[in-house]
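Take a look at this one; I'll ask things after.
Think of it as A, B, C and D in the order they're written, each chain with its own count starting at 1.
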Amino acid sequence: MHAECSRGLGSALVGLAAMVIAASAAVAADPIRIGSFLSVTGGASFLGDPELKTLEMYIDKVNAGGGVLGRTLELVHYDVGDDVTKARTAVKRLITNDKVDLIIGGSSTGTTMAVVPLVEKEEIPFISLAAAVVIIDPVKKWVFKVAHTDRMACGAVFRDMKKRGLNDIALLSGTDAFGQSMRTQCLDLAGSLGIRVLGDETFGPKDTDMTPQLTKLRSVAGVKAFFIAGFGQGPAIANKNYRQLGMTLPLYQSHGVASKSFIELAGESAEGVRLPAAALLVAEKLRANDPQKPVVTAYKTAYESKFGPVSTFGGHSHDALLIAVDAIKRAGGVDKPKLRDAIEKTSGFVGTAGIVRMSAADHMGLDASAFRMLEIRNGDWVVIE
Amino acid sequence: MNVLEVRGLSRAFGGVHAVRELSFAVAEGTVHSLIGPNGAGKTTVFNLISGIYAPSAGQVYLGGAEITDLAAHRRAALGLARTFQNLQVFANMTALENVLVGLHMRLDMGLLPQLLRSPALRGREREARAEARELMRFAGVERYADAFPASMPFGALKRLEIARAVASRPRLLLLDEPAAGLNQTETEDIDLLIRKIGDSGVTVLLVEHDMRLVMKISDRILVLDNGRKLGEGTPAEVRRDPQVIAAYLGAAALGPKAGDIHAE
Amino acid sequence: MGVEFLQFLLSGLTVGATYALVGLGFWIIHTACGVINFAQGEFVMLGGMATAAFLGLGMPLPVAIMLALAVAVVAGLLLERLAVEPTRNGSVVTLIIITIGASIFFRGLVQVVLDKDFHPLPAFSGEEPILIGGAAVMPQSLWVVGATAAVVLGLWLFFEHSLHGKAVRAAAANLLAARLCGIRVRFVLLLSFGMSALLGAIAGVLIAPISATYYEVGIMLGLKGFCAAMLGGLRSGWGPVVGGLVLGVVEAMGAGYLASAYKDAVAFVIILLVLMFMPRGLLGRGARSERV
Amino acid sequence: MRRWLFAPRTGGFLVFLVLAVALPFVLPNAFFLDVAILALFNASICVGLNLLIGYAGQISLGHAGFLGIGAYASAILTGTFGWPAPLALAAGAAASGLLAFAVARPILRLRGHYLAMATLGLGVIVSIVANTERELTGGPDGMAVEPLSFAGFVVEGEAAWYWLALVLLAATVWLTINLVDSPLGRGLRAVHGSEVAARACGVDTDRYKVIAFTVSAVYASVVGSLGAHYVGFITPADAGFMRSVEYVTMVVLGGMASTFGAVVGAVILTALPQLLSSFQDYEHLVFGLILMLTMIFLPRGVVPSCAALFRRRRAP
């Protein structure tokens, strides 16, 4: 028995030793080290996957153009799936072991919020790609974010409904993090915008049939429009079911499905659906004088030439990286307090999500204009003015 | 005095009556055998007595107290022990530990002293181990004390089960085919072991196919057929019972060895 | 109310049919060798993803489906030969961990070789809903239910009337006796893994036009298939079928009449209650006494 | 003296302690310490779970549910209601214990895969509740957990947590080794070996199974509470099915019915993903492969299989 334990612990020690060696080999470095932790696998992989691809692509691009301040960028990335414990360990590893200069990541609100205390304590600039407003409200000294908040998306949808006189609606949201954040934000906001949510149901992110929920909502009296909030294939299935049940009321989806693949998944049933989305989605259709047009067109072309249809999520890491690069230049290096101050002073940066004007009181710097209402017609997006 | 008394015991599986209105008694200090052709319901009777099955009707008394509805482990606590036809040794423990489980009822104490391995527990464990070794010696398997069952021969496993059963110091020991699968010498050794157990004052109820063994060591024999009692009596009486002979023993079974039995 | 009920019922039966197919896959392997194959859901994924991949190469749908089924079957056979066969004498838990390892491996493989995107498959016969008593049903749902019925019938014929099927059942009843009767047990095991992979892949192909397919689609379906098999019981092939349909309908009714948020919880609560009070599943014949 | 040194209760425990105490002095930075702490917590859970799976032979695919009850009890009671941490931890443990005790009897009458299904369902229900009761639990986004403090003393920093986790694990290992070798432990193992024979020997098998299930549930709950305080954040996924499977995998990989096996399994499977992170996209593929190969070539688990190999080589 003594042999058992010394054996087992021995093998564990060998493993740890290997990690130590790997760690020390990775230290000698002159380049600017950018750490990232994203949900490249698991339930949120449709966020993390394009985010990582974009990050890698643009770091190569910056390096090909001579780097920043004469130094190259180096990416250290860890996949954390949906696991907050993994996220926290990854950030600890990035800070203490890889000694990165700043951190980009947290595809989801959960993985972001799990590392916020750590980032604050270790005092390292951190740009999150996740959506929830709690990330920057209240303001945390070292934490920034680039994605729109779900509240803004709700606002865009509700204002459009209001304009069309659709005051009474039914809500169908996913039980995943995105869907539930949307649900909370929308229910919270509805009253102040004069919208009444008469029906409120949910669906599991991996459900294959939402007919029962829709049938139930259909029987709610007085509903004038439907709003489906979720991401992944769930909203597409719900969208199909909606048409199959012969339901004809105006249908809204959220920015969670703002990508070409939604039209692909939902097929013909997507016709006439309205949804809020960032400018990126309709790059070519923007007016020529739109300040975002050159930025989003460039990103879209670059991404699609390499990987296929663009999504707004990849755009977030585009924005985060370029805001960081811009701030490093202004700060004249990667001294952490200076870099933090420089990020906070980002103003007028044109990204895929909108025009960013950060301040000490606003670590996101986006306003409602960041969202455009789109309608799907003939399998393509049309901007509603 | 009767250690065991069974009254009107019945058990059906689906539509099949495995045991039908069986009544018998086992007197203290005797070796009582249960015989009958395959499927006669012998093992079912054991399972009913030891509480593995619940009877459809009838009662079981141990030392005069009714135990019909008692859980198996409670019956063990009242002095009932058994072995199994198809071995049921604990393969995940050493032979010695198997016997220690047999001593379980006398060792069990509160959770805390066991977690902390209190001095009192340590003392009792030491004694228990010594006693378990002694029991293994008694059963003739002491050299396997630290072996795992997987590495022990079949005959030794049979004896190990007996040692485990005896460990609880039962009033009544049920032995289910202790000689099955054993060769001539091994059977004779088992015969000796059962005698030793009987001599130590333990009442034995035995199910066995080996007629020579049964005739040799039984004080009384109960013959079962189709779940019913066919006959009962001393070996000599059973041998003479024409019904028994017709249904089960037959002339061939007694044949040339008959003389041995008369010699007893 | 009546139409609503019908809609829930039809919706539940469609979903339940896929659970049944996956559950049957669990049952076949369990019958042949007493193992619960936690990689069963990955066969569902392989069927869907491979079909999508072959379609992407420009093949016509039927060809893509056939090839995809073949891919899944080969994966099942390899799993049996390379991972399960060498540890046949290991404990049940060891085999469970091996199949869990296999399912992680299959997901990792598909994620690297193909991609992590969602892939819709075209519906086999259009997307125009059919109205049954006021309730809308998709043609694809009929495909799912119909194919499940066909598979159940096929399995019944196989196990009741073919020599191979009887061999599998004999091996399940008594391995040694089966071997003595000249049944090649290794072949039986191989056959069962191949068949259950095929069933899983069929489910994957059928469901993909409804829910789209991606590399993690097998996790939830595998879990629900396991639930179906346990709910109905593994004593006979009807167990997973009944279990799957009941589970699907309970989920639909739960989502329709109760809170949709607790739809999955309702299903699990029912499974717990059934197991507590009918320990061998809905179709089990009560607790059988132990043989001693 | 030799005997004393080579017995698992003494010699093995000593080796384990020496290694564990030395470890923080050779680890280069906080990240390694963090992985070590997580490994210690996982090891504690697995040692408790091994009591149920390895010794009593009852599978549980829902153990993360109890972990989740502990974690959420601590998070909600300290954070939202301002309870002191030890009281919240005790409340979580009591809730887990009561739930386990209430369902144990009917559930543990089930065998094999049916038991696996029932425990799985139990765990999944916990994570569904955590996911749905958004006001209380923060829903799928999860919720922050206050740092661990009692009587004005706050456990902070990796070093402090390492020693806390180590003391916890050492105590667990010691108590478990004692228990396994006690009459109660033999009773549990007898349940695994042959339930009928155990009953015939006077072991109240139902009660023992209930004890094993409840104890390991309470234990998982306590470690869940502490782990939640350490990580500072929890999500429903922490109580989910995949997490339960992870724990079972750790136990089986390390070696069932081996207390040090559970420790080794937890250490390996906590460190392995960190080692594999350089494989990027191939991480899952390699992880699955390692899992399969280990079980194919060391079917009894790493520790027992290696020990058997070692014994065979030493005694030709």
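The working rule: contacts are C-beta pairs under 8 Å (C-beta built on N, C-alpha and C of every residue); 3 or more make two chains touch, one makes a residue touch a chain.
Treat the numbers as computed from the prediction; the structure is a model and nothing was measured.
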item: Given subunit B and subunit C, the chains that contact each of them; value: D
item: Most widely separated chain from subunit D, with each centre as the mean of CA atoms; value: B
item: A-C or C-D - the one linked by more C-beta pairs in contact; value: C-D
item: Rounded Å distance between subunit C and subunit D, as computed from the means of their C-alpha atoms; value: 31
item: Whole-Å separation of chain centres (CA-atom averages), subunit A against subunit D; value: 34
item: Chain centre separation (subunit A, subunit B; CA means) in Å; value: 72
item: Junction residues of subunit D, two or more chains touched; value: 132, 196, 281, 283-284
item: Subunit B: positions in contact with at least two other chains; value: 52, 84, 88
item: Two or more partner chains touched - positions in subunit C; value: 111, 261, 264, 290, 292
item: Touching residues on subunit D, where the partner in the complex is subunit C; value: 53, 59, 103, 106-107, 109-110, 112-114, 116-118, 120-122, 124-125, 128-129, 132, 195-196, 241, 245, 248-249, 252-253, 256, 281-292, 295-296, 299-300
item: For the subunit C and subunit D complex, residues of the former touching the latter; value: 30, 36, 83, 86-87, 90-94, 96-98, 100-109, 111-112, 223, 226-227, 230, 234, 261-262, 264-265, 268-269, 271-272, 275-277, 279-281, 287, 290, 292
item: Residue ranges of subunit D touching subunit B (in the complex, touch as defined); value: 57, 175, 178-179, 181-187, 189-190, 192-194, 196-205, 211, 257
item: Subunit C - residues contacting subunit A, complex; value: 4, 7-8, 11-12, 14-15, 18, 111, 116-118, 120, 127, 129, 136, 138, 207, 210-212, 214, 216-217, 219-220, 252-253, 255-257, 260-261, 263-264
item: Sites on subunit A touched by subunit D in the complex; value: 1-9, 11-13, 15-16, 18-20, 22-24, 40-41, 77-79, 82-86, 88-89, 92-93, 95-97, 108-110, 113-114, 117-118, 132, 175-177, 180-181, 184
